[in-house]
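Shared between the two complexes below is chain A, which has chain B as its partner in the first and chain C in the second.
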Partner chain A sequence: QHLPALTALSPFPEFPYFIHIHAMKVKVLSRNPDDYVRETKLDIQRVPRNYDPSLHPFEVPREYTRALNATKLERVFAKPFLASLDGHRDGVNCMAKHPKSLSTMLSGSCDGEVVWNLTKRECVRTLQAHEGFVRGMVVRFCGTSFFTVGDDKTIKQWKMETPGYGEEEEPLNTILGKSVFTSIDHHQKEGVFVTCGQQVDIWDEQRSSPIRSFSWGVDSFSCVRFNPVETELLASCASDRSIVLYDMREATPLKKVIMNMRSNTLCWNPMEAYNFTCSNEDYNLYTYDMRYLDKPFTVHMDHVSAVLDVDYSPTGKEFVSASFDKTIRIFPKDSGHSREVYHTKRMQHVISIKWSSDNKYILSASDEMNIRLWKANAAEKLGLLAPREKAAVNYSQKLKEKFQHHPQIRRISHHRHLPKSIYSQTKELRVMKEARRRKERNVRKHSKPGSMPVVTEKEKHVVTVVK
Partner chain B sequence: EAIKHCAPITPSALIKTKKQLKNLQHNQSTLETPLTRKETEKIQREVAFEKTSKEVSRWQSVVLQNQKAEQLVFPLNQEPSGPKRIEHVVAGWKAQTPLEQEIFSLLRMNKQPLHDPVLTPTEEASLRAMSLEEAKIRRAELQKTRVLQSYYEAKAKRGKKIKSKKYHRVQKKVMRKEYLKQFDEMVKTDPAAALEELKKMELSRMKERMSLKHQNSGKWAKSKAIMAKYDDGARKAMQKQLEVNKDLTQKLVIPADEDEEDEEESAETLPDFVNDVEPILDQVNPWMRGKLSTEPMMEESNRLDPPVWPREVGKPGEGQDEQEEDEEQMEETEEESLLRGFEERRKLRQTEDYNSFSIQTPDGKKAEILEISDYDEEAVEISDDDEEAGLSNFTSLFHGLVNHMEPPADQPKAGPGLRQGESPALLEEGLVRVRTLEDVELLSQDISTSDTALLTTQILGTEETDTQSATQQADKKRKKMIDPNEVLTKEAKVIEMPLAPTAVEDVEDKEEQRVIIKEAFAGDDVVSDFLKDKRKQEEAGRPKVIDLTLPGWGEWGGLGLQPSRSKRKRFRVKVAPPPPRQDQKLPNIIIAEKRDSSIAAHQVCQLPFPFEKPIQFERTIRSPVGRTWNTQNAVQKITAPKVVTQLGAIIEPIAREDLIKDNRQAVTGPSINLESDQGPQKKRRSQQKKQHKRKKN
Partner chain C sequence: MIDICLFCNQPPTRYWERTEEDGKNDGKKQKEGDNNEQTPQQNNTRTKKGGNGRSIYPFPGSAPVPEEKLKKFRRGVKGELPPRPQYKLRDVVIRSEAASDLAQKQNARYDLMLPEDAGFLEGDEDEDTCTISQDDIVDAVDITAGAKYFNLTLSQFGPYRLDYSKTGRHLLLGGRRGHVTCLDWQSKQLMCEMNVMETVNDVKWLHSEALFAVAQKKWLYIYDNKGIELHCIRKFNDVLRMQFLPYHFLLATASATGFLQYLDVSVGKEVVAICTKAGRLDVMAHNPHNAIIHLGHSNGTVTLWTPNQREPLVKMLCHQGGVRSVAVDKTGTYMVTSGMDKKLKVYDIRAYRPLQSYFLPAGASCLSLSQRGLLSAATGDIVQVYRDVWGIPVTKPYMAHRAKGSVWGVHFCPFEDVLGVGHGEGFTSMVVPGAGEPNFDGLDANPYRSAKQRQEWEVKALLEKIQPELIGLDPSQLSQVDHSTWEQRHEDRVQVLGFDPLAKEKFTPRLKTKGRSSSGKVEKRKKQVAHEDQRDVIRQTVEDRMKIDKERKEKEKKKAAAAGQKSALDRFRK
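Up next, the complex of A and B:
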């Protein structure tokens, strides 16, 4: 504050601080250079801060602007599609994650070949596993071998290592079954695996006949999954529109719930032992608590065609679904609508989907012989982040969260492009739904009070629970 | 059985078999048919389901915990990074060279662990005994206790340094009171222990008496002894002192019969009316009951130190006596407590009715109040001093005392003193509060009549002026509006007349009428209010003339000097008039034109879901998160993401071991967070709120 005055006084305005008068002591402003000089030029300039709120006014508008910019940038940088892995000569029917290696992935196609893919985006190994479709595949928990089932009624165990030069590509084990197997899953810790087809069979790896078979008046199952947490529990989807629960230790199945339409696949939540989500033919996904099967606790709607596959993120907070409508959608596990939709022009019906076990990528396998690699968070920057970058990302994330209800930000962050067909279909479905609702309302209005009970959306889709 | 016994046939065995056969023949009932396979399976399934769902439910707490967690870091159970011991990495390793073998044989001889378990079993166990989490918790606890201790010490030190005698006196009193309270409790809950306690008190009193107090060895006494030669007063004081000493030391002689002694003591120390049931003089005014507590004190003081230790501040000799006075005071209060104790005991013995208890407690409180109200300021000061108020029960006690004190202190003010000379608004309150007694009712009648009259006149007056001004202004505006005066204010005149006479006539329904009048007149104002409002809005919307005149330039400037008129004229900028208001021709409508559509697009129009009140939502918006407003640490804490995953780390499904560990944690209790709970940040926020009252929406 004294500076202007001093400058004015000094005869040499170039040296405002330096006033030296003989025989008179003048106090001069002096600073310790340590406070403002950085040691190397790579250091960040030290900025002394004064947090007095009166010096930093308009905090809300400023942060709002930042949030708006962050939201816009997020949409700008949202480029989820990473790579397409091609090499199959038929539609890809199933995939499997490697439990120990992130860079390894297995895929089975409709002409019976199994292809390995690496994050170098190249096929490492090809083998003719089955004649006809490869229906299911799973890697053993230790990652040293894997199992495949196919339309030729066999279960085959293969070594994970590539056979050496001159060695023949042969399975370790082959089990010949009586009927076609449609799905396979492996126990989390023990040498036990489960297959399904006409019945649900539990196999010991050392034996050629199942150690236990479950059937409950159903003749075909489409999917069976071990619970990754409570490892003795199983769930399966059957063709009679039911989902059946089993305990490996019991002689009988536990319970089943019959829904309006058939469930295609299901996936257990890897962090919550009792929750699972099933993908249904009626365009929806349903998340159930296995203890209360009488109604799903969330109905996830958004797809406009049958949902074919579902996989949870390893954090258990979200899941991804693949649909016949040629899109992939990501749902938060407790929200009714998707937070993200992925599609490309060339991607056809998506048959199989997997969320990578480091929570960063999504792999989708579709009809048109390609496997696609997506980012799980569309706008995320991949690779290592500098600490400041990380802080900036966190801050903008927080801002977006804080101002998420503001109309502009909401509009921008929720905007997604959809192919025209899907868009029109969505609209059509909306109209249909509205019409149905209106009709129901009218019927209720004109019928005896109490004769038309209100059925919630959750209750609508469950027919019955069979004990 | 029959067949078994058949070899040696005896008549008894025969009879037995016959009986059995008969029984079988008689027994008509058949076994139940086994359940069908379907049903048995159903039952099996149900049982199995119950079992598994119970098993699965164990995860509930973990799941909830993870849902509520501020931050989840995946993979969940990360092993500490860094190099591992070679023994853990290399599995099948054997000593091969002779040197190695020698070393291992040595180790084996000394019972040291060999390659695989690097630690001895005991060491391993001790390591396992405390996990990292537990260790953290333990450390936090220890830290907390240490901090508490240091706080306490610092506080004690500070308290010790305080020179104010009053403070110490109050402090002691508070402590004593606390002690007494505990004692009271004990009397109720555990009389035997209370007796023990009493004995202890007695003992301590005796010790006190045995000590050299009130003798001639104190500082004060010594000075008096010197003065005694010349000063008669000093001599007298000395004598008094010695007398007191004698008195006190005499009490050491304890007669065999305790009851007698008690009675004696009570006769000595207590005035008669202590044992009486409290006379209910005035239920309303608790201060009327104050006689009991104040008088014994006065008596005591009279007895102990009539003129010698003057109590008033500013009297001569006060400076010297202060210390002694303090001591004396202490002793006095001790005596009080003792007296109370004795009284208590007597009550216990005689098992009198509950009334006697009720005497004791209120007057004790009052005594406290009387004294402490003087030291109120000090108390407040002290409480200000204490930053760690939560830690010290002393301060809380003080607060409690002050709070206790307040209602009775308020009452006399609100009582009769108020009625004479205060504003009518407060008067009305008084009316509402005090209406139990007849005379009060009479008073209230008077007041209410006068009050209502006043009120009505007032209201009428204001109303009249209002309407007048309204009409005047409306006249002015007539050119603009379509005669809003005629349309709107006509009803207003109709209600002008009534109700004042009725208010005077009716005595009983006064209250109701007053309410009615109020309502009526309140309604009457609406029209003129509206007009005023509208005019105000119009005024606000009108552009203001901008004055850009700067003093000085081209003329003299300074205090009391106005820039010249011509200059002012030159620098006055007239703004173009805004477009005409939308409600210009609508007399009974105000259309707000403040709303800016460009801003409205950015504003939230509906309260978002989880919030219940707009205030909650606004609060979340108002607090900034950025680095500009918060310290580095605070920002880090605020912006920490909910889920953290590591690039390239495989996240395994949650394992059963986690469940077991989590359960154990739940048993030991949640971890203690000593990280100051964003203390500075909160403070900052509150400051901000005070300083800025900007709202986003």
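Up next, the complex of A and C:
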């Protein structure tokens, strides 16, 4: 009967179970289930959290198990091949991305045909652009017209719009050159484009003769590219095994680096535009810093035959290369080895490659008249992701990153099935390289100290830099 | 928690931290306000009694997080940053440390908002809490909490062993003479009851409340919660004690023949059978922190086992005479043992060091540790609960209770202030305030989960089942750098390349013009650099030595202080 008075003395009158009796203080856990279960079936379940580490034992082994599962699932879901765009009647020689429309892509084949493809995976427009090979094509930065060069020594400018019913397919402009053009690229902002053949020519769109021509020694050029950021700079690959840099505003080329073997194409890094990567005949790719050409800062090895084309992802973190060994490889920009290799049974020598502007797809054009569409990230789920799905993907990505060096996870994530020929060739190349290295080591061991300096892999492939 | 840093970028300050300086600034601002020369930043700063008469906002910045809360969520120690030339690695390390700092802070903030507080029991000034009876507690608390004290009179088939499920909702009782029953003890709903017509040595829930294992006279049986026999496992014979490792899905059993066996309950295969060569094994516990099995033996030793090694990891001599019971706390720091020598001992099992030793007149037959570190010890028919046995020596129990029969098994219920006692006359559920963890994690063990949630949890738990190979003394070893392997690989690499790619470049002095590059000068500069390096090394060693010296001196001082009173002979000491 004295209870009420004592309850009033309690410092916490809002707790009904907290009462003084004989001055004893007691509190026992007593949860109200209403706080922990949902009110109606239409609600989502309540999940109270407590992040106390002692309630979550075995944090690391559980994370490791999750990472292992995520790695295995990634390999299970790795299905990169999406579609094959067929319709060409000869090998596809070049491709061009549309700067404004993600769904449009242009391709030029060896029989002088230009086919348009949409991501509906169908050909939209076909036109006979040149007689003989279409060597290069580029879409103007505004996306309203495009240029092609071919073996018939002409540069043609075409409208992007399909001609109306009854209208003839006619180029807007045709320029007849003196020699065969091998490549073309357009300025990022101005009506200027550049072609290469026996020399590098810079053209104004309004004129029929080049406003400037560069040549440095007698040679022919295979590829020329504008720098995407410093828009007046150019780089070209020449058949005398050199890569030449130009400034459009100057009368003479800037400098060139001569390598052991010829480079086929090059591509500027769109984010760090002082870097470019060139695909070389000696099975490697080289990433150079434009300012320090005396040695490449990364040598990317893995291909087992000449590399024919290279293209950067729009994020500038990775690039994709096409090779004569019938595979495509994806390299992180600062890693010496590829993270991914794509091949199919029917794909022949891959001649041209493009990374789509939304960073999701890769297009490869190969000898056997097909253009193939690949996912840039083999295990990625396409389409919209629910927020929880996205969170789960991010979480497993982070876990894979965290445990990537553990042997089991490393083995699973690095394993790729390769065609037998490439597998054996890789092995053979490895043996050869190892033998060469061993010999060098032995020679060094038996010669005067310091007379055989150590030449790193990066330094090996550069002959000289000329300014 | 609302982040209230809208108006300023200053570090969080509180109104009680205001000093005289602020007052001065106020005055200054007032003047400035009169002169109309306020800068925009000053305009943004809220002043207590500014020129415009605005009042100060007392809680600028985000609220500070208490240091001890932050400490609770700290994982590992911060290492040194890699040197500047390794800028990529350095960047990665800086970013990941920033991320983990943020996570730690957010966790600590979230911890402040947890809904429940732990229970407690405090007596009068001159009243011992151990004299407070269960009835008094039940009278004092609310009805639902009071209903947690109850007795089940089962005098026919006792004495009883018991086990609570991981969520603490379900109770499993196994009578020595074959009575097995499981029930939802809070709603008192019976799930199944049966008599297996055989001696029952031990009972154990498996990962969820749908399955349990019963060690019977000969074989090990697995039943579902309807009481249907699912498996009779003949590979496991004469089992006396069982432990379930929930994250590994392993059922560890100790048998009368001296075998320690592991059963993977997710695939139903025996993982390993270890002959311990230590006779009858009837004392067993597992360390919830690293899933190591502790076995107590009749010669007074406690041995630690993993499924990966046929020999014990550690052998500790704990008692004179046999070990009667072993318990390990949740964090894996302390082990409590009781032996035939009537002693109760507390060990630090990270350092294998005895911390406390108590003498109990009757000796303790069963031990159990609660989530918040309460220790229950059964002596005959009395259950005593001790608080904080590893801190300062305890003289009196925290609570005590007399059961109706001699006690056969005690077990704290997870997430509840309840101690289950199985004895000769049935089962007693005792209220022990402050025993259980007040806030559970809904994704780990949720007492209020629905059937659907349980199914989803089960799938997730099975997906992240830890392989038995990963059991070891330090569970976080997997995330540490394997230095020896790295060194080996580096050596191999050097062997293959023929030179060391990570070798530090030797200092070669630059050729200086204007007569400073005579060979003597160059040599001098070289030496200077070499000395600089050497000096660093020396400085480091001297510092280390001084630190060690200081520690030693302090220790000696303490020892001297502990040695206590001055003796008459001290005057002769130097």
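In this section, the second predicted complex is superposed on the first by the 422 of 467 C-alpha atoms of A that agree within 3 Å, B and C clash if a C-alpha of one lies under 4 Å from a C-alpha of the other, contacts with A are read in each partner's own complex, and residues count from 1 in each chain.
As a convention for this text, a residue touches a chain if its C-beta (ideal position, glycine included) is under 8 Å from a C-beta of that chain, and two chains touch if they have at least 3 such contacts.
Everything quoted here is computed from the prediction, not taken from an experiment.
Student: Mind working out whether A:290 is in touch with chain B, chain C, both or neither, as first, second, both or neither?
Tutor: first
Student: Could you look at A:56 and tell me whether it touches chain B, chain C, both or neither (first, second, both, neither)?
Tutor: A:56 contacts both chain B and chain C.
Student: Kindly classify A:391 by the partners it touches after superposition: chain B alone (first), chain C alone (second), both, or neither?
Tutor: A:391: touches chain B, not chain C.
Student: So in the superposed three-chain picture, is A:467 touching just chain B, just chain C, both, or none of them (first/second/both/neither)?
Tutor: first
Student: So, A:48: does it touch chain B (first), chain C (second), both, or neither?
Tutor: Only chain C; A:48 stays clear of chain B.
Student: Identify the partner contact of A:317: answer first if only chain B is touched, second if only chain C is, both if each is, neither if none is.
Tutor: After superposition on chain A, A:317 lies in contact with chain B alone.
Student: Does the superposition put A:78 against chain B (first), chain C (second), both, or neither?
Tutor: Neither partner.
Student: According to the stated criteria, A:454 is in contact with first (chain B), second (chain C), both, or neither; which is it?
Tutor: In the superposition, A:454 touches chain C alone.
Student: Let me test your reading of the model: by the given contact rule, A:66 touches which partner, first (chain B), second (chain C), both or neither?
Tutor: In the superposition, A:66 contacts both chain B and chain C.
Student: On chain A, which stretch or stretches are contacted by chain B in one complex as well as by chain C in the other?
Tutor: Comparing the two interfaces on chain A, one with chain B and one with chain C, the shared residues are 51, 53-54, 56-64, 66, 402, 406.
Student: Inside the complex, what are the residues of chain A that reach chain B?
Tutor: It comes out as residues 51, 53-54, 56-64, 66, 99-100, 102, 188, 228-230, 233, 245, 247, 250-255, 270-274, 290-291, 314-317, 357-360, 382-384, 391, 394-395, 397-399, 402-403, 405-408, 467.
Student: Write out the stretch or stretches of chain C touching chain A in their complex.
Tutor: Going by the criterion above, the answer is residues 72-73, 75, 88, 107, 110-111, 114-125, 127, 132, 136-137, 139-142, 144-145, 148, 247, 288-291, 330-331, 415-417, 431, 433, 436-444, 446-450, 452-453, 463-467, 470, 475-479, 496-499.
Student: Name, in rising order, each residue of chain B that touches chain A in their complex.
Tutor: Residues 41-42, 44-46, 48-49, 51-53, 55-57, 59, 63, 66, 72, 74, 601-605, 608, 617, 620-622, 624-631, 635-636, 638-641, 643, 645-656, 684, 687-688, 691-692, 694-696 of chain B touch chain A in their complex.
Student: Write out the stretch or stretches of chain A touching chain C in their complex.
Tutor: For this pair, the touching residues of chain A are 16-17, 19, 21-31, 33, 35-37, 45-66, 69, 334, 402, 406, 434, 437, 440-441, 444, 454.
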